[in-house]
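Same chain, two partners: subunit A is paired with subunit B first, then with subunit C.
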Partner chain A sequence: MFFDINAKPGKSISIFLGILLFGLAVMLYGSASHSRHADNPQDKLVPTPTQMWKSFSNAIFRPVIEQEFNDDGELIPNDEPKNLREAFKVGKHWEMLRNGEWQLLEDTLASGYRVLIAMLFIFAGVLLGLYMGMFPYLDKLLYRFILFFDKIPALAVLPILFIVFGLDETAKISLIVIGVAPTIILDTYLRVKDVPKENITKGMTLKASTQEIIYKIVFPQVFPKVLDTLRLNFKAVILFLIAGEALAAEAGLGYRIFVVRRYMDMATIIPYVIWISVLAFSIDFFLRRWIKKKFIWIKK
Partner chain B sequence: MKIKIKGAIILLLTVFLIVGFSSVTKEEKKSEFKVAWSIYAGWNPWAYAKESGILDKWAAKYDIDIKLVKMDYIPSIEAYTSKEVDACVMTNMDALTIPVASGIPSTAIILGDFSNGNDAILVRNNLKINGLKGKKVSLVEYSVSHYLLSRALDKNGMKDSDVRVINVSDSDIAPAYVANDEQEAVVTWNPLVMEIMKTPGISKIFDSSQIPGEILDLMMINKNVLDKNPELALALNGAWFEVMSIMSTRGAKADNALVQMAKAGGSSLNEYKAQLKTTAMFYKAGDAVNYMSGDEIKSNMKRVRNFCFKYKLLGDRVNTPDDIGIQFPDGSVLGNQSNILFYFDSSYMMENAR
Partner chain C sequence: MGSSDYCLNINNAHQKYDEKTILNGINAKIKQGEFVTVVGPTGCGKSTTLRLILGSELPSKGKVLYNDIMITKPDRNRGVVFQKYSLFPHKTVRENIMFGPELETFNLFEPIIQPFRYKRRRKEFKVIADQYLKRVRLLEHADKYPNMLSGGQRQRAAIAQAMIMKPDVILMDEPFGALDEGTREEMQIFTLEQWKDSKQTVLFITHSLEEAIFMGTRLIVISQYYQHDAGEEGSKIVKDIDIPWDHPRSTKIKNTTQFKDLMESIRYEGLDPDHLQNIGDFDLSHIDSVRNLM
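And now, the complex of A and B:
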């Protein structure tokens, strides 16, 4: 039954099988976490869901409480509100919200900024690939070079990038661009080459200028497929983002993971990893929807 | 068919559960131990202890087998925290933030040395500490370097928030600083400090010799292992102080030992000797015992503990700095007496003080 190629799994068993592996993984994790915590309640390597949630909610928002300890480590008591609920009662909640730490937001914005700028450059790479495909001289000049460049493992080049560009945003963004752009350029180039010559000939017959041929005939045919490649390469974008932030950063999703990794704070790392996956999945999802809507004439 | 699949699933589940539960390790009396070390001026003697056979000799004396494992620093502490090794050398601060914060009760059985200039703040353009205000400082966040910076700022009437901390990974901090002129300040440790100082235009404005005794290098051992197997502590102490006496007695044997230690640490003899100058080694067990039993260590540990608490490095169950107890050789406890996780035990060193 399992290996019947003509099998038609029923609805309920499909759902069951779909959830089965997730369920097994969660159970395995749960039992490992439980046993480790029975042995050592403060274990940090396999955190319980409660620990992870607590850490994650702290990352989302943590009020900055003025806590002063005297030299002996004893808390000097003050009657400032200690959490959001107390602040709400006293009416100081807006102040607390404003002064608090929005760690997850800061990290997401920092990383998002880097990814956004990198994507702009990568989009410029799409245009470069487009021109490479259309202009034979440009083709001859750039193709072999970019082909070679694509094969360089960007992570090996990472330390050099930081040495050349410094520890600021430039190095991190250029790592993402150097890592992903060559693939995108080559892919666009190949897609352009795939456009049937007849279409271009038709355009020329109808007195289209070069610009019109590129942007009105070739580009619309190529763009949805390029977007698909971008979607698939997003994993690489995230990988380079995290690698760059691990090396030197002040804020960011990858930065946070590596800073807390030092003291094995898995309760922060696991939720952050899940958050990154959720973000990547959402971006992928919206891109797919947008491609479908805008390029409805492409039959998949 | 249906029964076969059901059976397979049940079998799989059972296997997974067994695998899940088998990760519990209970400490018991054993005769084989793993001790981790990493390259550092104060810990290279362990390599010599192994190569010269001194460690094996002492292990045989107590009828146990000690395997010395060389690792990178943080991975060694992680191995210790996940109980893959029974003992590991580390600084007092890292002992607090990694194993102790994860609930592993740990005992310091050897006080090897303290950093006496091995950790430093380096700057370009002759900046002074006050000049660091508002500037970016590259360092490994939440490490000993961060603590050093915090103390330096404190001593100059500044706050931690006066500077911007950029976290840089250990392996790239030195080359990145040397190559980039825009980076003005970096905090790191030896041998990277010596490497960076070779570049012109860089000056050292603060180092650990200005906070002596606050960055201690200790041999930490899992307390549960220690309680059941005190021979491990005895053997390690015996071997260590034999090497210490070799190192501190002038002569060919000492020179030979130093050469081996330098090689184990990947530096030349002169470089290693230079590193030793900024490491206050406790060559005599008596000195180490006295220091560990003194008062200075208590106030230093308090400072370190407060720093760790401030940056929430002591774990999420800790609400006040006192929640974790640190016990000193005289029995006094800094913090919660019913939650002592960090022990200083000088009794094993005392065996070698005669």
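And now, the complex of A and C:
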């Protein structure tokens, strides 16, 4: 029955099957963590959910607490609030929020900034692909070159980028662009080539200029499909982002994971990995929904 | 001035693709207001001929003239309806039909500099587009996208899209090829009505002989099968005749003996690959036809 091609699973069983493996994975992890901690309370490899949450909430927000020590190295007790709840009672919560550390936010923003700038360049690649597909001379000039360029493994170029651009943002952003842009350029190019010739001829009989043919007839037709490719390549974007950050950065989601790796801090690594995945999944999800809603004319 | 009476003049047009000759000296002069139907066996170059007139292809030898001017690329004087892909999939039916007039007056800065004029004109275009939509009986589908329409509706929209530009010539490349029999006849009558109202010149390519005889005022058969002494290859016009019935025609004429006899003779002389006519025997009896014995 399970391997029946014509099977039509009901609604509740579909939902059950959909979450089954998630549930199993969580349970398996929980029991492994529990048994290992029963053996050795100091175990770092499989942190308990409590440990992970503590580490993650510390990453979200950690208050800076002023502490003084006496000559013997003992803590001098003071009246300063120790956490947000205490600060709220004495009305100092704004001050605490302002002075505290927002590690996760800073990391996310630093990585987001890199992705955003890279995306701008990748979008320029979409335009390049569009022009390549439209103008035969540009096609002949660029197609083979980009096809070869696409085959260069971007990670192998990373040392060159660090040597040429230094350890700054430029190298990390160009890694993402070099890794993803050729695919996007070639995809746009092929989709432009796929637009029926009749459509372009038709445009000319309606007195469309070259620019109008490009931006009013061809581009709107390929745009949602290119957006879909961008969506599928977002995984590669994040891959190159983390690879770049792992080697040299001062903040960033990938940077954090590789920094705490030195202390085998699984309690930080695991929540960060989940956070990155959730971010990527949500972007993908909303983009997919938006494309489906916005471009209802696409053939199904 | 003999030649300027003709709105289209194909003068000894040849077309070659990679050393393979498709068209071998096509000669035709077409008067304004004529409804010319073109038939021929598969692969004879009917569509190539249409593309030469459209301007999306240039002849390898010979000339194609529109009002005595050489055709070099598609322009707004010659509208076109293809079998498929005439409509822009990302625009609604109304937007598709408004697109031509919009492009013709488009100015990148006008929406910013003169927003009211721009809006007013868009409204005018919408009114005109709706008139055309009414004519092609698609008003209630105006806001749908082409992929939501049936084949017949799509072709009606494509005809309106071409006609709103009021081109001198409308070229149709097997426009009803993908339609079922009933819709097809309905579209034939519809197209003839539109033609009578607009007085445009129509060049209509079809693979249905019945459709060609029923619709045209003049019928041209292009074929690669004929007797050639010098071993020539490539299609020629093997038949160029006047179709005797007056417009408007009733679909009943399709059942008359005269109609059937005409169909039979054209099928035998023009479309049968095994029957090779000698160049001298071509029936080029139409008053405007050009005999070229070379």
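As a convention for this text, the second predicted complex is superposed on the first by the 294 of 300 C-alpha atoms of A that agree within 3 Å, B and C clash if a C-alpha of one lies under 4 Å from a C-alpha of the other, contacts with A are read in each partner's own complex, and residues count from 1 in each chain.
Here, a residue touches a chain if its C-beta (ideal position, glycine included) is under 8 Å from a C-beta of that chain, and two chains touch if they have at least 3 such contacts.
Every value quoted in this text rests on a predicted model; they were computed, and no experiment measured them.
Bringing the complexes onto one copy of subunit A puts subunit B beside subunit C with no clash. Of the two partner chains placed around the shared chain by superposition, neither subunit B nor subunit C is touched by A:V64.
Working from the superposition on chain A, the subunit A vertex angle toward subunit B and subunit C, CA centres, sits at 150° in steps of 10. Once the two complexes are overlaid on the shared chain, A:F162 sits against subunit B while remaining clear of subunit C. More residues of subunit A lie in contact with B than with the other chain of the pair subunit B and subunit C.
Of the two partner chains placed around the shared chain by superposition, subunit C is the only one that A:T201 touches, whereas subunit B remains out of contact.
Look at A:I15: by the touch rule set out above, it reaches neither subunit B nor subunit C. Judged by the touch definition given at the top, the superposed model places A:L232 against neither subunit B nor subunit C.
Contacts of A:P220 after superposition: subunit C is touched, whereas subunit B is not reached.
For the pair subunit B and subunit C, the minimum alpha-carbon spacing after aligning on chain A is 45 Å. The residues of subunit A shared by its contacts with subunit B and with subunit C come to none at all.
Those residues of subunit A whose C-beta lies close enough to touch subunit C in the complex are 196-199, 201-209, 212, 216-217, 220-221, 295-299. Those residues of subunit C whose C-beta lies close enough to touch subunit A in the complex are 54, 56, 73-76, 78-80, 82, 84-86, 88-91, 99-100, 103-104, 106, 145-147, 161-162, 165, 167. Residue ranges on subunit B touching subunit A, taken from their complex, read 1, 5, 12-13, 16-17, 19-21, 23-26, 74, 78, 81-82, 97-98, 101-104, 136, 138, 140-143, 164-169, 172, 175-176, 179-180, 182-183, 302, 305-306, 309, 313, 315-317, 320-322, 334-335. Against subunit B, in their complex, subunit A makes its touches with residues 1-2, 24, 27-28, 31-32, 35-36, 38-45, 51, 54-55, 58, 69, 71-75, 159, 162-164, 166-167, 246-250, 255, 258-259, 262-264, 267.
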